[in-house]
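Chain nomenclature is as follows: A, B, C and D, assigned in order of appearance, with residue numbering initiated at 1 for each chain independently.
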Amino acid sequence: MELITAKQIELLKQMWRIRCFEEQAIRLYGEGYYRGSTHPYIGQEATAVGACAALRPTDPVLATYRGHGVCIAKGSDPQRMMAEILGKETGLCHGKGGSMHLADASVGFVGSNAVVSAHIPMAGGVALAQQLNHTGAVVACFFGDGASCEGIFYETCNMAALWKLPLVFVVENNEFAISTHVSESISVPHIAQRAQAFGFPGVTVDGCDVLAVYAAMSAAAARARSGDGPTLVEAQTIRWTRHSAVSAGGYGAGKDAERWRATDPIPRYSEWLVTQELIAPDEPARIEQAARAEIERAVKFAIESPLPAVEQLHEDIFA
Amino acid sequence: MELITAKQIELLKQMWRIRCFEEQAIRLYGEGYYRGSTHPYIGQEATAVGACAALRPTDPVLATYRGHGVCIAKGSDPQRMMAEILGKETGLCHGKGGSMHLADASVGFVGSNAVVSAHIPMAGGVALAQQLNHTGAVVACFFGDGASCEGIFYETCNMAALWKLPLVFVVENNEFAISTHVSESISVPHIAQRAQAFGFPGVTVDGCDVLAVYAAMSAAAARARSGDGPTLVEAQTIRWTRHSAVSAGGYGAGKDAERWRATDPIPRYSEWLVTQELIAPDEPARIEQAARAEIERAVKFAIESPLPAVEQLHEDIFA
Amino acid sequence: MPELTYAQALNQALREEMWRDPNIVLLGEDIGKYGGVFGVTRGLYDEFGGARVRDCPLNEASIVGFGIGLALAGMRAVTELEFMDFCTYAMDQITNQAPKLRYIWGGQVKVPLVVRMPIVAELGFGSQHSQSLEAWFMHVPGLKVAIPSTAYDAKGLLKTALRDDNPIVFIENVKLYATKSEIPDDEYLISFGKADIKREGDAVTIVAISAMVPEALQAADELARVGISAEVIDPRTLAPLDADTIIASVQKTGRLIVAHKAHKTGGVGAEIAQLVSERAFDALDAPVVRVAAQDVPIAASQPLEAATFPGAKELVSAARKLVNR
Amino acid sequence: MPELTYAQALNQALREEMWRDPNIVLLGEDIGKYGGVFGVTRGLYDEFGGARVRDCPLNEASIVGFGIGLALAGMRAVTELEFMDFCTYAMDQITNQAPKLRYIWGGQVKVPLVVRMPIVAELGFGSQHSQSLEAWFMHVPGLKVAIPSTAYDAKGLLKTALRDDNPIVFIENVKLYATKSEIPDDEYLISFGKADIKREGDAVTIVAISAMVPEALQAADELARVGISAEVIDPRTLAPLDADTIIASVQKTGRLIVAHKAHKTGGVGAEIAQLVSERAFDALDAPVVRVAAQDVPIAASQPLEAATFPGAKELVSAARKLVNR
């Protein structure tokens, strides 16, 4: 599936939105605008953006507490996202979810889950619903390398394979759980290899190359849509931050700066767009500026929004 | 590893003990000597006997509620086993466990578990203890095809592979869970294939051929003992009975009689022993008679044994 | 009116609602061609097909997780756990996911999910197959908990559950599956949060759960013979709980016994007793009495199992002691 | 005496016992080089090595299952769950396996296993990371449950747990990890089943659990200013529970408040209240009062979270109402 230029440029815009959004989310946490924790997606932007670009707007997506990137890539509104993270009434979830529980059903993002892997069988069920209702939709389920160790991941692989569900497992392999390196938690060199046990394809792709992710995801989605069942797409990526606002772990501040620069998906893709003469050399800077401005508006909106009234406490428990 | 003749003959004796034991367990349930349920091992004898013969007496073994066969194969006392099934004070567990919870620490059988797959990570922990204490022992964990779908099985595979534990997974693939055929519950043709996801060997063997099981298990045990880690041994077998005293399911009474006769591990192995001239042609019959007599004594012992006193209720909760 | 067993009544409720609502999908182990380990889904596979009555591999956590996913996608899922004890494999999905997603996502989704699970106590299955764990679920906000004791209630409550857009833990009882009620030919529903007075009396109130209800009725008969008039109340749902009906009864009798086959410590008896103490303290002539299973793992051996679970006998002596206090 | 934080005291208990007993092995996520998500195991990896302080993949059920296996093989396992909420993944191992194996196998084995898990309430983590689930474990025969509220108690109880041959759910609290106690240089143990009277008083008894203990002490100060003398009791272990100390206090005060951050319905407050009602009914001048979290999922947003959890303020008003009843 070929990308038209406008969409190719949109990929860069989305990566910048995510980058700027996460920088602000980190800053606001540091300045005490919200509590709990936040799990930045910086460095991994190409995975969410490339994968979601290969999906249709109506394709449901599920992700983790490290879900801001996927939420933006799926097309949600950064203003309501930031307001949610700050626990505001205007947030996507009226402040009840916070950073780890973003969801936006209006764009098919259902949603972030804070329990590692718990959303994987749910993604299977959402995919089963698509199959039963012949919607033609494909479901994408994002999760990490660590999550791929939880039993329910394998259980869902087996069921999805048995029932040939329209489901794509997207493993965001950023090399670490919190502090545990994949070499200490996964007994094989590539997580994609897990798929062999279930009889469906597993592919490993450079998760910092937005076009490579897009291509792999397009193939997986096409396969799922045509009724051939699930695919496991392992995106090898890297996170630029500590695990979360609360937990260090994994990459040490600075010590990996070299690798970060080398793998940074944004300049890499910017340069590609420029050399392909799809955009002018000064366009990337303008795109960055636009993203910064947009996210600053989102921050302003979030900060100025009201907190939920205590009356909300008993609302939305039962339908 | 070559079997001396005495041990070769012992394999036949063990299979007959199991066959007769289960026939009596079924009869006693039918006659109301005990409640709950019982899960016969008839048809699968070669798997437990062949596998345990490849282990040392000091090698710990864990199994399921369908565990009478493994318990006998590991060398436990049929009298105390039958007494346990009848809930008697003289039983292995003083009647507290019953048919689904047999255990005999004195022979390294620790033990049967009634929750599908729950014992698999425990087997991993027992194996870890062997490694940490350099005992040189290997742990064997028996479970069914259905059990291989539970998440903790895969979790344990990953940990056992990471830590190169002295553990052998023995899948008793009798084609059905309760009523669900493997083709409806497992997305690949051979359960042994699951091992590929974890980077250790998986082998499929004829579970009705006691020597084939013995050979596969010997290789797996040798590998584990030498520090190379786990192996998954899939024994393709077949059960002759309904799932349990309570649940039908799987093979229909009679309808599979043809296959049962064809795969019956006992005459098959008897004939081999005779043709190899390891035993006289009339020896198998004598072995059967001896087994029948031994198990009848066990039944008599169990029936005549006293029930536990109510005072036992509060004993053995805490150490 | 035809007499149906508890199991048949559940089956009828499923069948009627599946005809009514094509969105209902069943997930579980052996629920298809086989009809369920205890026969509750018998015939549904033939009637509705394998797409809606789905045999699953053995993986309880994912069965419930798939059910939640179906619900998130606008369908209605009914998941069966073969024995209540196995809810431990699906505990995260049942307690951290299903009852919380609507709230944490600010009302964006509904989770119409029924998790059916039978108690299998007193049948000699032993420690890992004989537990009554309803107290765990009563402690989880966002969950509704039904625990019917008769075929009639089982059908009416399950039909209501199948029209409710929220996650429901539906607790059945294998010991009751063969017990019968007259089932009206006309459709009926029983709303959650309405206790049922199974027998009227004025000397002592007995609140009984699940298999303790028939025991309580038997005890009431025996108590009547010695001149003690016992009122027997079945809450039928624990969440929501109809405290008003219980308290009204206690206002009348002044004495309360809460009876269940779950272990005594931390059982729902504590919650119900304390609720009544909080709201009707002055009406109580004596402390609330709990009749419950002993706090020991459940042995397979018959005499030990019998000594673990209470029955009509224990209820009778508790009631006599309480009344003659 | 040196002052240590709750987290440091736990760390010291682990270190001392690991030196004392070479059979102790730690299993968990991020507990090795990293020292634990909340730092409780800091330094133990360097001191005892990766064989005894084992970083595990993310699979809680198997982490606890491996711990049980180690215990069955004669070792002693300590497993850490990063947030109490994740016990839901290991529920079968914690409740159907560890506490039952010795019993169902007729005493043939011992299961010396400590499952450590911290409550992480009131820190804005939201619904799936903020629960207090102690009531679930109190309902399971064969389990011991510790839930210390001070650094001093945490160390003494954990050391005792590490010498006990039975499965123990050890409930910590991240909100308390930074609170300090003076820790004696000499070794000390605190036995299970001994409540601690944190403050003496004669007008009202407050039984407080975990993070409610400091709130109760603050409330007692404020109550003292208005002339109400409150006695604050920390049970420290819920199984076994020291009911005698609580009842002796109620005999004196005639009034009882049970306070915890767990949801009210089905919480341990119900069990403790009903136990006291059963055994000291006539000593109670008023019904036992429960001060507990609201029965709603826990929101991340600060004002909603604050409205969910009780604190000293709610305790003070509850006590005043109770005393001036």
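A few comments on the model shown:
The criterion applied here is as follows: a contact is a pair of C-beta atoms (placed from the backbone, for glycine too) under 8 Å apart; a residue touches a chain by one contact, two chains touch by 3 or more.
On a predicted model such as this, the values are computed, not experimentally measured, just so you know.
Common neighbours of chain A and chain C, by the contact definition above: B, D. In terms of the stated touch criterion, the partners common to chain A and chain B are C, D, listed by label. The chain with its CA mean position farthest from that of chain C is A.
In this assembly, the C-alpha centroid of chain A lies 36 Å from the C-alpha centroid of chain D.
If you average the CA atoms of chain C and of chain D, the two centres end up 30 Å from each other.
For the pair chain B and chain D, the distance between C-alpha centroids works out to 41 Å. Multi-chain contact residues of chain B (touching two or more other chains) are listed as 94-97, 101, 113, 115, 149-152, 155, 158, 162, 184-186, 317.
Residue positions of chain D touching 2 or more other chains, listed in rising order: 56-57, 59, 61-62, 85-86, 88-89, 92, 96, 103-104, 126-128, 141-142, 294, 296-297, 299-300.
Taken as a graph of touching chains, this assembly is fully connected, with contact between every pair of chains.
Against chain C, the residues of chain D that register as touching in their complex are 85-86, 88-89, 91-92, 95-96, 99-100, 103-104, 126-128, 133, 135-136, 138-142, 239, 262-263, 265-271, 273-275, 277-278, 281, 286-290, 294-297, 299-300. Interface residues of chain C facing chain B in the complex, by the touch rule stated above, are 29-30, 32-34, 37, 55-59, 61-62, 85-86, 88-89, 123-129, 294, 296-297, 299-304, 307-308.
The residues of chain B lying in touch with chain C in their complex are 34-37, 87-88, 94-101, 113-117, 146-147, 149-151, 177-180, 184-186, 246-249, 307-310, 312-314, 317. Residues of chain A that touch chain C in their complex: 60, 91-97, 101, 103-105, 110-111, 113, 115, 118, 120-130, 132-133, 151-152, 155-156, 158-159, 162, 315-319.
Contact residues on chain B toward chain A in their complex (touch as defined above): 149-155, 157-158, 161-162, 184-188, 193-200.
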